[in-house]
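My questions all concern the structure below.
Which chain is which? They are A, B, C, D, E and F, in the order written, and residues in each are numbered from 1.
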Amino acid sequence: MLRRLYPHPLLTLLLFVTWMLLVNQFKIGSLVMALILATAIPLLTAPYWPNRPKLRNLPAFAAYLLLVMWDVVIANIAVARIILFMRGDQIRSAWIAVPIDLKSPEAITILAGTITMTPGTVTADMSACGRVLLIHSLHAPDPEAIVQDIKTRYEARLKRIFA
Amino acid sequence: MSHWIIAPVLIPAIMGALIVLIMRNDLLLQRVFSLAASLGLLATSVALLIATSQTVPEVYLLGDWPAPFGIVLVLDRLSALMVTLTGVLAVIVQLYAIGSGWDARGRHFHALFQFQLMGICGAFLTGDAFNLFVFFEVLLIASYGLMIHSGGKARLRAGVQYVAFNLVGSSLFLFALASIYSITGTLNIADLAEKAATLPEGDAALFRVSAVLLMLVFAIKGALVPLHFWLPGTYSNAPGPVAALFAVMTKIGAYSAIRFGVIVFPPSTPVTGSLIADLMLPAALVTLVLGALGVLGASTLSRLAAFAAVASMGTAFIAIAAFTPASISAALYYMVHSTLAGAALFLIADLVSDRRAHDGLHQALPPIAQTGLISALFMVSAIATAGMPPLSGFVGKLLVLDALRDSAALVWSVILVSSLLIILGFARAGSTLFWKAHASAPQDGPPGHPTQPLAFVAVGLLLAAIVALTVLAGPVMTWMEATTAELFDAAPYIDANRLPEGN
Amino acid sequence: MEALVASALGLLTAAGLYLMLRQRTFPVIVGLTLLSYAVNVFIFAVGRLTTNMPPIYGPDVAGYADPLPQALVLTAIVISFGMTAVIVMMALGAFLESGHDKIDMNDDDTPAEGDAK
Amino acid sequence: MILDYAIDFAFLCFGLGLAMNLYRLFNAPGVTDRILALDTMVINVLALLVLYGIETRSGINFEAALLFAMTGFVSTVAYCKFILRGDIIE
Amino acid sequence: MEQIVEYFLAALLVIGGIFAVIGSYGLLKLPQMMQRLHAPTKATTIGVGSALIASMIYFLVFEGKISWHELLITLFLFLTAPITANFIAKAQLHRAINKDELPPTGVGSEWATYDPEVKTVDPHLLSDRDPG
Amino acid sequence: MSLALIAALPFLGALLPGLMIRAGKNACALVTGSVTALALLMLGLHAPAVLRGEVVQTRIEWIPSLGLNANFFLDGLGLLFAGLILGIGLLIILYARFYLAKSDPMGQFYTYLMLFQGAMVGIVLSDNILMLLVFWELTSLSSFLLIGYWKHLPEGRQGARMALTVTGGGGLAMIAGMLILGNIAGSYDLSVILQNKELIQASDWYLPALILILLGAFTKSAQFPFHFWLPHAMAAPTPVSAYLHSATMVKAGLFLMARLWPVLAGTPEWFYIVATAGLITMVMAAKIALFKDDLKALLAFSTVSHLGLITMLLGFGTVEAATVAVFHIINHATFKAALFMSAGIVDHEAHTRDLKRLGGLRRLMPITFAIVTIASLSMAGIPPLNGFLSKELMLEEAAHTTWMANPWLIGVLATIGALFSVAYSFRFIAHAFLGPVRDDYPHTPHDPGFGLWAAPALLAGLVVLIGLFPMLTAAWLVNAAAGAVTGQDIAVKITHWHGLYAPALWMSLAAIGGGLVLMGLHPRLMALWNATPRPEAKRIFDGIVEPVARLAARLSDALHDGALTRFIAIATLTIVAAGAYAFATGTFAPGLREMTPIYAVPALGWLSLVLATLAIVIYHRNRLLTLVLVGIVGLMVSLAFAYFSAPDLALTQISVEVVSIILMLLALNFLPKTTPVESSGTRRGLDATVAVVAGIAIAVLSFALMTRDPAFAPISDFHIANSKPEGGGTNIVNVILVDFRGYDTFGEIIVLGIAALVIYALTEALLRAGPANDRLLAWRPDQRRAGDRHPMMLVVATRLILPIALMVGVFMFLRGHNLPGGGFIAGLIVAIALVMQYMASGFAWTAARQKVDYHALVASGIVIAAATGIGAWFNGMPFLTSAFGYVNIWPLEQFELATAALFDLGVFLTVLGAVMLALASLSRLGLRAGETVNVQPFDIDPSEGRSLNSEEAR
């Protein structure tokens, strides 16, 4: 029953928070409205999200987000240095294929997004079978290190979160 | 304040929505309810017409906001007349569309038809300049849909042109309205009239520009040369009943020109003076001549009808451009006449082209089914359209000529010479279509065609209306003169808006 | 800013009209879009330019921009959106019916180079 | 006040960014570069709007900023989808 | 306190501005399209993110009202930036990059962008659909 | 009243033949004849009074304000003409009954004939010149129908058109003339006009009026130089020729000249125009008649000649001449109608009217021969027949009239005319009836049945009777009619012998003698005639009309050739020129408003806009790039709105922008991706000039307006003051939209709704069998397509973004009344969110999962908005009157409920439905063009490690 009313509880939570952020005020009325919408909208959009992602470990996910945020800052600095101080012909860009073990679309997407947001890499494509990500690295003197970095720093964590 | 004033807008609007909401897949229901709505519109408009004969202009304060701050509808004799004309035409055209099966040749005919009526009635009733724009757009977008009803290459290509040209017109409308608001700070027509009359002299040039731009918008709608180019392609490619309904659309241009030309920019207003008339008359004369040449040179029956429409607008605008009570009365009579006659001609052209491989006028084709009846109907509508006696076209032409005796030499010669060209054009067309056909008559008679009695009833009703307009020309003119008198005495119209003192 | 806005308006109008004078439906539609930008900005601008005075009630505000032109522009935007949608669709329909997207009907009807087969 | 200088500086930076986007837009080797330039432009414009909000002490345009982000995203995806597939809604 | 916040905000704005310039500059400077893609997706998100956070804090501290919309915008940008980059990259792959220039997937299937065209469904099967 | 009835009877009678024809031809003719007889009878009842000199009047008001009234009067002239029209009409009806072939539609014929008869009676009875004009033009119309009666004959069609053009054109000139006349006299009533001779002849407008009216009269009566149409009208069946072209219609012109004789005649202008035209016509037509082999052509030109004679007499302007004219009208009607009918009989029997192929008929057709002989001799002016009497009088008048100080010119020419007249009359008798009987007739001709010859015989009898006893049979009528024409008491003396000193005697003798000589010389003269080149009327007429028609066609087709680009260029230049003229002719004081300062960043925005716009112009051939650039323009415009204090506009602009671009991208998928170079450099230069001129105009206008303050306090002051207290909202713009000017918004959402309906209906039309559908079915993408239709990253992100965007939509909707937002923006945001879902997972997949009926959404939105407005009625308030109040529901805080919000909900639903319906329609085209449908939200299944593409394609 509750499962049918809240097909995506995390989404419900997210929406609840979003509404409170939108209205910018903490009042009973807003809470009621937030509850109504946070219940109704996931129900309405559930057909477009048929399977509930198996997000097992919420604290780990929060930690992951913090990690990524830190990496984003670092990434920015790294990219900034490349842009500012490296001559065009010194930059060694490379295409890298990263095989992945993740199965859930949500997890893969998060990984791909993470790769894009972090040091010098952009997720460009995916193999037609969904098992390999195509990454473009801005400056990759050692491509294999990047693959390892991705797999250990992010994919391993995501595997735990989405087990 | 009577709620009936807004009925001509709401009846079709709500019926249009209901057709889409609950009967969009049932043509029979659509026909019944849409016709009922049109009849309701007609009944309401007649009631309003009768009411206006006895009262001064009446306003309807939408949202209960006082003029000029909210939007008002103004019911006066002129708006009631135009709404009634629309109602009459609507019922007849709809009968024809049902009878000829046109409404079944594409989707949403009746819904679009109702929305078109809503737009037209809204434009006639509004007392607000910007609201006039909105309802122009309502009627235009519905007309786009009706124009391309049932599709086809030529119709779609002409439709794109129609839309594109009108979008230029709509842009112009907005440029004009924005300028007017920028100068006067108001949009209510009565308020505009008051403010235009007391405008500081330093604003004159800019106000004149806005006035001209606005009148040019109406000239586009009214197919005044050289802004008429959209009309021939549109009318000749539109489905017959749609072209017939469009007969009233050009009149919206003329109506608006009268409304603004008499109330807001009359020659007595110092900043505008005779500006409007000075520009309108030459354009109207050329319009008539080009229309007449078009009738004479038309290669198809529908193009002939389209150019006849252009010519009729030329005549109407010639009368309007004088801006005297007599000329406006004549123009009003002529507009009513040419709406009915133009619509009849388009319907008959549709009867012909529906029974003929094509409606070209250069090739003789074998006689069509029901040729006798159709040729008689054509004859009558040709007489009316060409302004031959004894029908209303002749009366209208005489009225216009009589009202314009001050500029007789030029105006009369243009009107009369054009008449000759038009008569010649109709004679050539009719003799090719209905006489020459017999020269190549096949032995086994004309090809079969459904009888479509309802379509003929519709055409008959139009012709009957033309006859009635002729026979009752005396009382009708008395009514028109009272209408014009009401229009020229702007005070009651302005008073009806109950504008605040010195706003 | 008035001069900048006026010149931008003029440019939008000119560019829109220039494209409307092209021979294919697509540039004509783009031209109409530009023209409607010009119109919308015109309505708005001739209601006079003001900065930092949105017509929304608030405590200790210096004044309000004229709200009426804004309302008019909103109406105009919506209407021109509807019109654009319709003409885009009609242009597409005319293309599908005729096999080319020429706008002038005096042009000969055979598909020209560059048209889809 | 140092904050005012900072705001001006930020204005300058984002404006400069905008100008560079503009240059790239006209001087681009391919349409993907142009889409990228446009996408960046939206971001810069959004930032300018936010800065304007701080400068005028008004939050009235934040919804506009939010909508810029949203429409910028949708239109970038639409342009790319058009390049990739022709039909953006298939 | 306010002084500290002010310096903090100023720093945020300056950093944000610098990153924004770098991002857009990268767009000009980097020689290859795929390299240029890196610049704005990262640098500007940080740039605009800083501005947004600065704005939020500013309103909280100086105007006494909390404005969460900036947070929403920031989250939205972070959410969408990878998608945008992904799409632009795919468009670039499709338009300008030969699949021989790419490493093999190593699993037998193509990169999705080069996946062969899907077999066409018989359109007549769908002709009766009336989604309107 | 009874006069009106006489005029109306034929029209009423015109309704009967069509009905009666079912009862047989006799019944049809009988009924038609009875109606005419009845009218004649009613006329006869008035005759005694009229002959006593009284004037019978009937007045019926029709359009008093115009002065167009159904006023009738009957005097001697009217009596004469009405009698001729009805009397001969009766005979024609009888004659036609037997003349028409079995296959001819007789009902139609009688209908046209009665219409014509009514029109003629109307002309001669009208006491109102506008009314007269009505009938006048009606004769042109009905004669058009009658001449073209034999639809299969091209000569009939052409003759009908020629007659209509000439007489109709003359009629139009006459309209002008009559209006002038009426304006001079101050009334359109003839009885008034006829009293105002001095006023009229003194007016500056006398000559124009005279010329215009004479144009009408001359064309109708086939006077030189408008005589050419009449012979071509002979393609009509003979009864028509006899009726229209001898007895009645062509005499309408004479009637009019006689009618207006009291006020128009007597001036030199009148004399020189009318008498000269008549004289030339008389002589010239008589000469031509001599050389015509076709019997009807001969008679036609003879008619023209005699009409010229009468015209000339009227032109003399004297009472005596006018009297003679009246007398000759009577005589000509009798003998000419008899001759036409006889010619018809000959044609009927011998199957030819060609004099060269006729001869010796006197033995085969003695009765016809007798009739023709009597009538022809009368026509030739041989005593004692009636034609002789009036001809003598005419010659007498001619002999006494001086033309340009030349006393003998008219007399000589009149004699020559009479001479030709004798010659062609004799020729008619000699070449058709005398000589040996020919053996090359297809069937042996013989006299027809009584029915066919009765009418001409009766007329021939009249010819003889009037000839023998003029004072008894005709003088009283001439007196009455001429009295009416001249306004004087006339007591005419008609005798056969005027004495030896009367010049007419010698002129007459000369004519008869000369005529006989001409007859003798005829074969040689004929050869000469045939050898002489001469202008052919038909060729000249066609030479005028056809080029005019062709020119009209060419001009009109060249102007209206569907070149939209030219139309727009012309419209643009017109608008700019009119605006410039308006500006230049008015006073302009530059504005004094303080300008807003320019800062760097907004200037940068301006630069972006300008550069993007220029780039669109430069790169417009690359269509995708164009759309990208349009996106920038939209962004900058939106930014400008935000900067200049219009947050609602910024929100709306940017949302509309993206939806429009998506629509265009959807369409562009099918369209060519580039615009070819098609116009020359010159053309582009001209286009650019037009565009720049308009651009400058708009820039100047906007600058002038922006830099001045409004002349009056704007009405928006009221909105600002009352938005919260009266409208219940703090966002003034929104309160204007949903309340102060909610009616605009009501119209605006209907525009959107209609747009969606139009798009839907068009899609349906395109998907029907036809070229468009064929093209869609055969459509192949014109660009290489990437794999992976639904990239996973977007799909997954959308799962999050869609709910958030929906929430933002609700938020925008709810706060709209007080802060930027509202139903419209909310609708667009939700629509954009759904579009995102469509883009991510495809239309079919998405639509299959959420059955939303967009039609219903649109319609219910409109219904809700309308119902909200109507709700006010129950409160006794006008449409759209809003109400709001504050509601307390525990545990919520007090919140506001406004009907405006309900109205805004209608807006929201319509906008959402309309956008989605439009997108859905476009997507259906894609499906028809062979788009694939995915069964999964994305193409890749990472859990199974495979592509889903191949297997779903079932």
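To be clear about the criterion, a contact is a pair of C-beta atoms (placed from the backbone, for glycine too) under 8 Å apart; a residue touches a chain by one contact, two chains touch by 3 or more.
These numbers were taken from a predicted model, which means no experiment stands behind them.
Any chain that touches chain E and also touches chain F is listed here: A, D.
Both chain A and chain C are touched by F. Counted by C-beta pairs in contact, the busier of C-D and B-C is B-C. Ranked by how far their CA centres sit from the centre of chain F, the chains are topped by A. The centroid of the Cα atoms in chain B and the matching centroid in chain D are 49 Å apart. Distance between chain centres (mean CA atoms), chain C to chain F: 38 Å.
Per-chain CA centroids place chain B at a distance of 15 Å from chain F. The distance from the centre of chain A to the centre of chain E, each centre being the mean of the chain's C-alpha atoms, comes to 12 Å. Residues of chain B in contact with two or more other chains: 130, 134, 137, 141, 144-145, 148, 151-153, 156-158, 161, 164, 168, 175, 178-179, 181-182, 187, 233. Within chain A, residues 18, 22, 112-113, 123, 125-126, 128-129, 131 each touch two or more of the remaining chains. In chain E, the positions touching at least two other chains are 18, 25, 37, 45, 65, 67, 69, 72, 76, 79-80, 82-83, 86-87, 90, 92-94, 107, 109-110, 112-113, 115. Per the contact rule defined earlier, chains pair up in contact as A-E, A-F, B-C, B-F, C-D, C-F, D-E, D-F, E-F.
Within the complex, the chain A residues that touch chain E are 18, 20-22, 24, 72-73, 75-76, 79-80, 83-84, 88-89, 91, 93, 95-97, 99, 112-117, 120, 122-129, 131-132, 134, 136, 138. Remark: chain C residues 52, 54, 56 touch chain D in the complex.
Within the complex, the chain C residues that touch chain B are 20, 25, 28, 32, 35-36, 38-39, 42-43, 46-48, 68-69, 72, 75-76, 79-80, 82-83, 86-87, 90-91, 93-94, 97-98, 103, 105.
Within the complex, the chain F residues that touch chain A are 787-788, 791-793, 795-800, 802-804, 806-808, 810-811, 837, 841, 846, 849-850, 891-893, 895, 937-943, 945-947, 949.
Note for the complex: chain C touches chain F at residues 1-30, 33-34, 37-38, 40-42, 44-46, 48-58, 64-68, 70-71, 73-75, 77-79, 81-86, 88-93, 95-99, 101, 103-106, 112-116.
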